[in-house]
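Structures incoming, each one as structure tokens.
Next come two complexes built around chain A: one with chain B, the other with chain C.
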Partner chain A sequence: MSTGKLRPRRWLTHAATAAAASLLLAACGGGSDNAEGDGSITLRVGWYGGDPLHAALEEALDQYQQDNPDVTVEVSRAAFADYFDRLATETAGRSGPDVTRMSMSYFADYAGRSALQPLDDLVGDTIVVDGLDEDVQESGVLNDEYFGVPQSVISHALLIDPELLATLGAEPPSPEWTWDQYAEWAKAIGQANPGFYGSSDMGGQLQAFEVWVRQHGSELFTEDGTGLAFDRSVLEDWWTYWQSMRDEGGAPPADITADSDTFETSVLTQGLAPSTYVFVQQIMFFQALNEHPLELQPMPTTEGGDPGQFLKALDFWSISSTSEHPEEAAELIDYLVNDPQAIQTIGLNLGVPPSQEARDQLDTDPATPEGKAIAYVESLGDDRVGPPPGPWPRGYGELLALFTKLGEDIAFGSTDIGAASEQFFSEADRVLEGF
Partner chain B sequence: MTERHRRRVAVRAGKHVLLTAVALVMLYPLLWMVVSSLRPDEQIFTQAGLLLTDVDLSNYEDGWDALGQPFSRYVLNSLLVAVGCIVGNLVSCSMAAYAFARLEFRRRRLFFAIMLMTIMLPIHVIIVPQYIVFSQLELTNTFVPLVLPKLLATDAFFVFLMVQFIRGLPRELDEAARIDGAGHARIYLRIILPLMTPALATTAIFTFIWTWNDFFSQLIYLTDPSVYTVPVALRSFVDSASSSSWGAMFAMSVVSLLPVFVVFLFGQRYLVRGIATTGIK
Partner chain C sequence: MSALGELARLRRQPAPHGPATARSKADERASWVFLAPWITGLLVITIVPMAASLWLSFTEYNLLQAPSWIGLDNYQRLFQDPRMHNALWVTSRYVAISVPLQLLLSLGLAVLLNQGMRGLALYRSAYYLPSLLGGSVAIAVLWRQMFGHDGLVNQVLGFGSIEGRSWISDPSTALGTIMTLNVWTFGAPMIIFLAGLRQIPNMYYEAASVDGASRFRQFRSVTLPLLTPIIFFNLVLQVIGAFQAFTDAFVISGGDGGPSDSTMFYSLYLYLQGFRNFDMGYAAAMAWLLLALVAAFTAINFAVSKYWVFYDD
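Entry: the complex of A and B
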């Protein structure tokens, strides 16, 4: 035993040396070429999305590099959830991409924690936003600072499957209908066709509820985003409306709804209901999964109410606050938003383009889902669309999930509407004031 | 007698039916994936059955080239990472294990306990500091951040597995070698390593499967599509917030399962032996 006494230390030294050496070697071998003495720079551009978007953006960026030989673009792309896992790590490591696609879901978080660069000096100068729709121009503004250049314009819609409706022996809903007429129609379909329902259950969807709230003369959140702005009775009426829809066959029971929270499993894709609530660009995703041609329609209205819908951007181009080349990053953003060739290449992969010029230029076939989305956005007049609300406050994601959970609890009968609305209000206070 | 015999046959048949049924239930998702890879996209989520009306190979053709690079590129990248990790784990963990099992040094028990505790650290705890180190060294978008830690015996599970294995080897062998004048290096290389083949095989197989399936760290470190590995590439087919090419993803998933399947098929024997002889169950 004693023979080994001296050796361990030597072993340790060797091991330590070897480790250090391998680290060094690796550091020399793998370092990227950042010899930028000649004025050429490297920009990292990151985005989330599906495969068609990856292809389109890469093509647009290739074009940009050809036109600007001193700029090299590195890409960082992933699906939505994965992208934000990665972005969080990169941001913590102070090496976020120079240009990043930013979602409204995380916008207040990143902008509020100074992870994004304020663009006030660049917008209007390097990044031209004059051509953008008035309603979306300010979507990327938080606390009077400009953090995001809008990529798309969205609004709420009903997605309708006319062929399924014909099979169920019903007429399509009229765009002029109120919520009450919509309910009457949906219940009639459910009662005449056992196993089918007139509408998906929107009771647990905060974003559909927002339309209802605005029609009742209020907003979801106070202007500074620290509290709810509507009355409890408005929420209770909403849940009562959907309770009666479920009870009378207008909307599916809780177990079906709980199982239908993706495009693939939604009641529309499964052929169980001919009408569901969507954001306009989602017609493209639903259409890819559906053999029947789908149509878009505005949301039902409230008699004598305000316009409930709005036009807004939910995705932006932003610049990381750690970017070493904000000026060049801004030029790249300007190219992606305004260059005719880039607009052509990107098409509708980022959603409906937020400028009339871009939409005219694309001149999309009105029979395609893309064309329908554009036509729908352009058809929305002032009677439908009110002034857009501010950015989603921090904690929005939590409230979204809570609203869905409470909607489900009511549908399953494990809580009643009064208790659920009380819980929503107290939790919302906690969540929104926590920031 | 025949009555009893008949009853025994019936019981056995019943058992087989039950086991087959359970096996089918377990296999259903896998079979559904294979079948779905042969279906057009819009049929995938409307049909839960396993019956194929007609075989459609276009998902394989489209999926192979859908991501900018041929899928073989990602398979190759994954193989490179996996081989690097296997070599790293075999070399470094066996050395660390030898030290813990055979060397006397101060605070050995303490260090052993600390080493074991690192098993319990979730990846999310260490990924940020680790990322900062590698991004300062400008090593993101290379395989170094994935392979280098393996060369430093950071997979404590395998160190533990090998320590247990080495402890089961008779010390008389070491002592005989020492009397013949062998030092630790020689004992480790000539005596211990050859005897611990089952543990090494287990380590190699597990490392392969875990690296092949690892998603999170590969997602974080590999952002350039040309260095994507299979799991990262597969995930770019699917996006919950927009449209997903499910058919292509299923097709390429089938492709990416093949190496794991083959490794498991050939390695199964060693896997069982390696685990059974180390006292880890």
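Entry: the complex of A and C
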């Protein structure tokens, strides 16, 4: 009788303990557990980008799984900012994807904090990188260790809408122009066509400013990545240049620029300005939204200045340091960058391929945006392109957002150029942490 | 064994001695077992993370490496960070303007709906609808479209697409659009007001009308005083909620609190520091400051309530 009474309680105790324990386990666990015994494994692959990239990469990964039946691929994909919010959380929970797309904006943050696996033992062996362009070979190296396999070769460009220019009664800008000539041309367009502007406002764009800085004889960051390498006057000149562009109709007022931070709402897509600053592969995203054929040309120069642009990889394939299958992850990366079928499937969705062989294989029509992007990259000579800068230091992402915010402060008139540049330099001191 | 059987057995038992003490111990154990799921939840979801957050606020923690103790540095930085001060200022304005407006609107509508009109249930549901939707990402996206450059608001106002302004990309109006969204989600306080209005005994109104009080006088002298506990309750809840506002600003500003930090709410800045700038220690310190601020405002609310809240016991 007494055992009869106790039994339910004991049962309850056990059940409740088990429930509590499983809750705790669920909270602590969550790591991938893929050792299935029969040699088959699961690889998680994550990337940021838009819909065309999602479709292309998923197709390439499907092909890979067909060729490698013992590998199952799970994908994790999102737009850029969302992807990095997620990646930070996953990495903190030691459950980052095995293979991740990594941007130079966060490269040092992750690689410099041991969140990425050094690939030195795999590169050149499992991952073939022989055909890479010279300029991008060192792009994925941080502190003499190899952390990222380049996905693309990138440079800055002006994206031009010649038909809109014709409507506005202006000639296309010459590739030889200096910034002053560019401003004169842009202001003339704005003044002759009320409601239109010659150029987008680049004042808040740190990456366009990098070209300007290099033309003025220095890099953005000191060699150890703990500070800014240029003079405050260089920054103040940049902001003054764009202030005068806005004041005299060369660039749109602040509220239009604030509204134009996506491909869809950009002043070029909206038909408000015939010229905007881009990274070369973005011609494809813009062209998809625009009926007019668009053209690429180099950034303006500074008279007597150094070449400002560079060719470099800014996006990589990397392996999380917590990956349980680095060897298999490396094989997958090798497939994505070297397999002719994968190169064909991905096309230019990740950017211009960083090897001559891949570009030749794609054999793009020069009249398509893909063909224009490749032709543009191949056309840039030493007069335009200097040696590529080192990696962007830890804290770059935060500085990039601050630069945009200060640019807006100036354009909306809530601060002046002197105060803004002072704030940028003092914040950079705190934010930049080297490599 | 049924509960009734258990009772019967208890009655049969002699006065509690040794074995009975063992029983009550067993009962106590059973009560802990039944509490276990709740306690587990409290510990795992609330207490432990809060303790961890308090500890993290004294560390430098970049999410990817182990935290390192830096004492009060994060709290010191709170006093020197101009963007944090701006975020606090934006949030304070949001609380100070949108909460009273929302309470006024919801009270007004509750009084209207309480007039015993036909189809009340329909109106009540219709007015409550925005509150169900308002906190969602979808509505924030819709709001962004409505107040954008080519948005519905500009089309209604008749601006051309070139001459028009974008309400969300102008620092002087961006915060206003988010306040409007918050005021629009007045459903929850309205329902509570309606319930409160129903509780006021009819005899007060009868007595007042016998004395010749106008309807406005009745509202001022009967409804309002008797409703003050409800107003107080709504005020406390809405102030606490508004201090933590996040979703609307995150979506409408595209995640960066722009333009020019004009919609950089406190929780948004906290989120960006923690998850985008790898500064979770600082974010934790911000969270504890926010907790202190909300607690202080609530305490002030309670202290001041003595002077204006009327309890009809």
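Methods note: the second predicted complex is superposed on the first by the 398 of 435 C-alpha atoms of A that agree within 3 Å, B and C clash if a C-alpha of one lies under 4 Å from a C-alpha of the other, contacts with A are read in each partner's own complex, and residues count from 1 in each chain.
Note that a contact is a pair of C-beta atoms (placed from the backbone, for glycine too) under 8 Å apart; a residue touches a chain by one contact, two chains touch by 3 or more.
Not measured: the values here are computed from a predicted model.
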Contacts of A:398 with chain B and chain C, given as first, second, both or neither: second
Partner chain(s) touched by A:92 [first = chain B, second = chain C, both, neither]: both
Chain B versus chain C as contact partner of A:75, first or second or both or neither: first
First (chain B), second (chain C), both or neither touched by A:212: neither
Partner chain(s) touched by A:291 [first = chain B, second = chain C, both, neither]: first
Which of chain B and chain C A:109 touches, first, second, both or neither: second
Partner chain in contact with A:195 - chain B first, chain C second, else both or neither: second
Which of chain B and chain C A:230 touches, first, second, both or neither: neither
Touching partner for A:265 - first (chain B), second (chain C), both, neither: both
Chain A: partner with more touched residues, chain B or chain C: B
Chain A residues contacted in one complex by chain B, in the other by chain C: 4-5, 9, 19, 23, 27, 81, 85, 89, 92, 262, 265
Touching residues (chain side chain B, partner chain A) in the complex: 41-42, 44-46, 66-68, 95, 99, 102-105, 127-128, 131-132, 135, 137-142, 144, 148, 151-152, 178, 183-184, 216, 219-220, 223-225, 232, 235-246, 248
Residue numbers on chain A that touch chain C, as the complex places them: 4-5, 9, 12-13, 16-17, 19-20, 23-24, 27, 81, 84-85, 88-89, 91-92, 109-110, 113-115, 195, 254-256, 258-259, 261-262, 265, 272, 394-395, 397-398, 401, 404-405, 408-409, 412, 414, 423, 431
Chain A contact footprint on chain C (complex, rising order): 1, 26, 29-30, 33-34, 36-37, 40-41, 44, 62-65, 82, 148-149, 162-163, 165-166, 168-171, 254-256, 258-261, 272, 275-278
Interface residues, chain A side, partner chain B - complex: 1, 3-5, 7-9, 11, 15, 19, 22-23, 26-27, 29-32, 34, 44, 46, 48-55, 58, 74-82, 85-86, 89-90, 92-95, 103, 262-265, 269-271, 284-285, 288-291
